[in-house]
Structure formats: C-alpha cells, structure tokens
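Order as written gives the chain letters A, B and C; numbering starts at 1 within each chain.
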Amino acid sequence: MIDMRRTMSVFVLLVVMILLFSSLMSNSSDFELERTEQQLPDVTITNLTFSQSEPKEGENITIFVTLRNNESFPITDLTIRLVNLRLEQNISEKQVSIDENDEKTIDFNWTAQGGSNSISALLIPEVVDLEEPIDSMSKEIWVEPEPIGDVYSPLFALIFIFIVIFGSVIIPSIFAFLTNRDPSQEKD
Amino acid sequence: MEDCVIRTENLVKKFGNNITAVDDVSFEIERGEVVGYLGPNGAGKTTTIKILTNLIEPTSGRACINGIDVNRYPKEALKDVGSLIGVPGVYGYLTPNEVLTYFGKVYRMSKEKIDQRIEEVLEMVNLSGWRHSKIESFSTGMERRLAIGKSIFHEPSILILDEPVLGLDPEGIREMRELIKGFQEKDVTVFLSSHLLDEVSKVCDSVIFLYDGKMIERDSVERIDQVMKQYRLIEVEFLEKLSESDLDELKKIPVIDKVEKINQTKFRIMKKEGDPASTADILRRTIEEGYDIISYSPKKADLEDFYVSLVGERGGPK
Amino acid sequence: MKSIMEDISEDVKNTCLTVSFELKKHFRMKRMIISFALAIGLPLIFYIVPRIWASFPDTAEEFANLNLSFVNLLIIISGSLFAGDSVVGEFEEKTGLLLFSTPQRHSTIFIGKYIGALLPTLAVVSIYYLTTSLEIIGIYGTGGISIEFFKSFFIALVYTTSAVSLIFFFSSILKRKITSTLLGFFSLMMILPITSSVLQFLVDVEPWYILTYFEGLITDVFVGAGPIGGGPEGQPGQFSPDFYTGLIVMVLYTLILFSVGVFMANRRRME
C-alpha cells in the first residue's frame, strides 16, 4: 500500500513537472515572437512624387518621399533608399527619424536620365537585417532625352565627301601638270 | 607627221618569276602598212598587243603609238587607235546603239556623226537590223562582228587587231579580209595578229614572226613569196614509220634540200624549184630505196611552210 | 601642249560618260526598278498595316523611328546590287577589253563607276525617306517632320557612302562578281555586326572602329542618347555610339575605302 502510494506520488509529480516545463517553454517562445514583431516598426511609404512631371534629360529634379509612422513611439533608425530600377542603379540613401504617429516628407536630388525611368523608394530598418524592405513604392517617369548631334554636321560631312570624290577626278591632271609631263615633248 | 606609227623598244613582259611572255621585242611599223604578227599559241602575240593598247604594262622597254608612250600617256596615244583584243565580252543587256553611242562619245564624236557611223558600221559588219536589239540575243559570231564594228567606229588611222577572224564563219572571214583591204586603200595602219597564215598572206604587206616570246624574223610577204617560189614542197606519207637511219638515207637522195617531219609517217620534202621531172625523180628514187609510199603530194611552198622552216620541227628557231 | 584645264575637262567628261553608262546599265539590268520598289514598298507596309489592322504610334517620332529602322537593310541591298560588280564585272566578263583600251585614264573610269554605284544608292535612300515623310505628313501633319528627321536622313546618306565604299573596295580586289557582292552584303549584314556585339558584350571593348556599330545612329536621333540595345541575356547595353565619333568613322571609311579601291582597281590589268 505504502509502495503504491509512493509510486503514484512520484508519477503525479513527474506529470506535473512535465506539464509545468512545457508551459514554461511555450510562454518563453511567445515572448520571443512578441519581441520579434515588436522590432519591425509600423512605418509605411505613403507617397512618392516628383518636382516636375515632364523633365528633360540632365535636369536636376527633386523626388519627394512621404513616410508615416504608425507606432506610438518615435523611430530613429530608418534608411530610405532611392533606386532607378531601369538602370539598376542606386540614386541616393538617407537616414531618417520620425516621431510617433507622424508623417514626414524627405526629398532627394536626382539628375534626370533620358527615357522611361522607374524610381523606387525602399524603407530599410537598420536593426534587423532583412532581405526585403519594410515597405517600398515605385513610380514611372518619362524624361525627355537630350537630342543627340545636330543636323549640320552630317550635311557638311556629306558635302566634304562629294568634294573629295569629285575632286579625285582632277588629281591625275594636276599631278601631270606639276611634274611637267607633256607627251608631245617626250616624243622621239 | 611621224612615219613610224607603232614602235616597240626592247619590250619585255614577265608574269611571275618563271614566265617571260615577251622577250626583248623591238619593231617599227610605218604609216599605211598592214603588218601581220604571227606565231603559235603562247608565242606572246596577244601580250604584245595588250601592252600596245594599255591593257597591261611592260616589265621593261616601251611601246609607242605616234611616238607617244602608250602606258604613260594613254589618253594621247590611243585617241586615234581602234583595237580588237582577244574575245571581249559585250554588254549583253545593252543594244549596239547604246554601246556604240557610248564609245563614240568617248572618242568625242558629235551626235550626228555617231548616228551616221552607227548605220554605216552596222551595215559593214552585217548587223543593220539589230541596232536596237539586246546583245544578249546575239550569236558568238554576231558579238564578234559588233566588237569589230566598235574598233572601227571612230574611223581610226591605226587599227590593232588580235585574231580578228576568230569566231567568224568563212563568209565572215572573207568580209574581214575585204574590210582590211579597204583600210589599206585608205592608208590606215593595220597591225594584226593571227595564227591563220594563209589569211595573213592574203592581206598583209609584211609579217613579223614571233616564237616563244622572241621575234625571230621580219620580212615582206612579197619577198617571202619570192623565196618560197624557189622551192617545191612534197608531202610524202610512208606506209611505215621511218627510223632515224631511214631518214638519213632519204636525205642523201640528190635534189632533196631538206626533209622535215610532220609525224612518224608523214614528211615534208623541200627541193629547189626547177625541172618538174625532178619531182618524179624523187618519187622514183624513194621507191627504189625500198620505201613504201601511200601518198605523194607536190605543192607550192607558202608562208606557212616558211614559218615552219623557221621554227623547226618541234621547237626552237633554225 | 594641252593645257591643264583641257586635261581636267577631258577627265571630267570621261567620268561623266562612265557615270551615265553605269546608270544605263543599272537601269537595263532592272536593278533600279527593284531598289526603288523596295524603297517605296517597305515604308508603305508600316502605313498600310496600322491603317487597316491597328493604330499608328502616338507621336511622329515613334512612327519615324519604327519606319526607318529598316533603311539600313535597304542600304545594304542596294549597295550590293549597284556596287558589287562595278569593277570586278569588267574583268570577269572581259568587257574591260573593250573599255580599257580607249583613250581614258583608267582612274577616271573607276571613279565614274564608283559614282555610278553611289548615286542610285543615295537616290534609293532618299526615296525611302521621301515616302516616310509623306506618310508622316498624312498621319500627323506637317508638324510631324522634326529636325530629327533631317538629322536621320543626312546620317543615313553618310552611312550609305561608307557602305558603298566598302562594297566597291571588295569589287576592286576580288576576282568574281558573286564573291564580291555576297561578301559586301554579308559583311554589313552579319560579319561586322556580330564582331561588334562580341567586342561589346564579351570582351567589354567599345567597337568604335567598326562601321556597323554606328548604323543605329540613323534611328537613335529620335530617341536620344543612352545605352542602346541589350546584351544576349537582356542586360542593358554598356556602350552607346557617339554621334560625332560615328560621323568621323563613317567619313573615314568612305574616303579610305574609296581611295584604296580606286588604287587597287587601277593596278589590275586585263591579263
């Protein structure tokens, strides 16, 4: 009887310990999950605009990126990166801070490149190393290309070519004249 | 006006390192002469003519027309020269009218003169009805006649013709002969090359013989004729081949001056012209010596025989 | 003694005679008809098809850019037709036995042949542009003809002279008409463009000395500078042909190949 009681007690104790241990483990991972979620701030890009809608190639235009902090605390370690997707080039990067529940517009300078451009703003937090940005926004802009060349150069080139070609007809005569070659004088 | 219209001075033309097509050829042709330039294929006739018409340049020496170096001053030298070289191509997609008009303008003929000459020349070469037909529809002989027409179109005072009767039928050959004789009467200088010795002997005043690039003889046709009249030729064909000793025995027969081999069984016997009985005598003696004869043809020696005697049996002048 | 002016006058006359003779030959061989038909027909395709089945591009420049992208093909075809046998034909067909024994400098004959090949090719390109301009006016009005259109036209003419010079050069050094015509055609169509691509995308060298590298300038004037085309895997082009460099290269190709071509033709003999 006493042995049965003892065995049962040990058994119950073991079960309680296992249950207690399991609950302790689940509580700790939930905690870490909360912690991870809490590290990605709720910041979004709400707008991306250009200072000019029809710029010409080579002109300096300003790109405005508007952010919104949806958190109840300020965020200080954000990077906004501007990228030209067509050319796969980084345009610029800026570190920003934004107060809680606030909106902020950051401006970037860009020298317009001719043709169709896809400008993308990427929001990258510094603390957590993520492959994907927190948020991004892209917009297309057409930049009037700089005209290449001029109309007079090829025209003058053409005229020059014709002058040389037609002029080559008279070169043998001039050469003969300069070397004083006269067939009538060379007759025997 | 210079009398010597065509002159070559030590003309040499080499192709590559090994082939000397023309080897130190010098001759002069005077105004109004009709001169034949004779030689076998590959003798250098066409090469000489190409140098004279500025188609190729000599390796050394020079060629002059009216005293003007042809290769240095082609514009001046060739303005009064008509030429026909080899077998020229003709512009098949054009008509005789268009081709002759172009060449007429090159020779600075007036439009009226061109029109008039087209009619005359096409008449001369029997192409009157073909003035506006495309040349691609012509036969080879017609193309040749057109090329001849082009050479005389601008009424040159010097004609250089390379194998002018090539490609012509017997009627065409006869017409060509008459044409050249007509030029002779108009004091046109004609220099023509050929390997048809019989034709040359009928039209030329003198002949230049060329062999292996070298000039081997020059003489008037009249003098050659007189020389050859002194000889009689007999072509003999034996039943069997003659050995060298047989040939030597044959040569010992009196009245025979020379024996030339045509082939293993055919020989040409030259003897001085004289008593016709000597021709029969040769036949009798040859049979007596034991030679079996299947053909015995006496004939008068001509220009061809003179050339053959110059060149020898197979090569090398004698 | 003949004066230099008389000598020059004779040479000019002889050259003009050769030019007119060449033009007559081209006409009789139906080359002009074929080329002019292409020059009118090709641009008409870009007019008729959108008119019936689709719609025209929004701007005249886009229309011109599309339409004129084939002018290069026409330049190659016409240049090969007119210049491919200009020198070699006289030697291969032995018509030179008639032609070169006349009282003319051989150089005036060959220069005349070059001009006789160049003029109809230029005319064909001009007809192509004329047809395109009429289409532009019909669709977009006279305002559709921009300064870029004229830039493109003159660049195309300069490119034509260099293409014809290249083919003429082949004609002066090769022995057969068919070889020189085909070599000229395929050089411009394939050999030089492939070499240019290999240098750009595999060796990473700008092929500024290859003529066909600048053929794109004919339509680049409509879209402006910037890396053109793309690599074999779709990557954007690294090099873009410079307008003025292209002009200089084309002029050099024209003059050098023309001069060498005439020199080489002059040295040839009817052997």
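The rule we apply is simple: contacts are C-beta pairs under 8 Å (C-beta built on N, C-alpha and C of every residue); 3 or more make two chains touch, one makes a residue touch a chain.
Note that the structure is predicted; figures quoted are calculated from it, not measured.
Undergrad: Relative to the centroid of every protein C-alpha atom displayed, which chain's own C-alpha centroid is closest?
TA: C
Undergrad: So which one's got more C-beta contacts, A-C or B-C?
TA: A-C
Undergrad: Please compute the C-alpha centroid of chain A, do the same for chain B, then give the distance between them in whole Å.
TA: Distance between chain centres: 88 Å.
Undergrad: Per the centroid of Cα atoms for each chain, what is the distance between chain A and chain C, given in Å?
TA: Those two chain centres are 42 Å apart.
Undergrad: For chain B and chain C, let me know how many angstrom lie between their CA-based centres, rounded off.
TA: Once rounded, the distance between the two centres reads 48 Å.
Undergrad: Listing for chain B: what residues touch at least two other chains?
TA: 76-77, in rising order.
Undergrad: Mind pulling the chain C residues that touch 2 or more other chains?
TA: 2, 105
Undergrad: What positions in chain A touch 2 or more of the other chains?
TA: As it turns out, chain A has residues touching two or more other chains at 184.
Undergrad: Give the list of chain B residues in touch with chain C in this complex.
TA: It is residues 15, 50, 53-57, 74-79, 81, 83, 85-91, 93-94, 98, 102-103, 105-107, 147, 150 of chain B that touch chain C.
Undergrad: Which residues of chain C touch chain B in the complex?
TA: Going by the criterion above, the answer is residues 2, 10, 14, 17, 21, 24-25, 28-29, 93-98, 100-106, 269-271.
Undergrad: Per the contact definition, I'd like the list of chain A residues that touch chain C in the complex.
TA: 57, 86-87, 113-115, 144-151, 153-155, 157-158, 160-161, 164-166, 168-170, 172-174, 176-177, 182, 184-185
Undergrad: Considering only the defined contacts, which chain C positions touch chain A in the complex?
TA: 1-2, 4, 7-8, 11-12, 15, 105, 107-108, 111, 114-115, 118, 147-148, 150-151, 154-155, 157-158, 161, 217, 220-221, 223-226, 236, 243-244, 247, 250-251, 254-255, 258-259, 262
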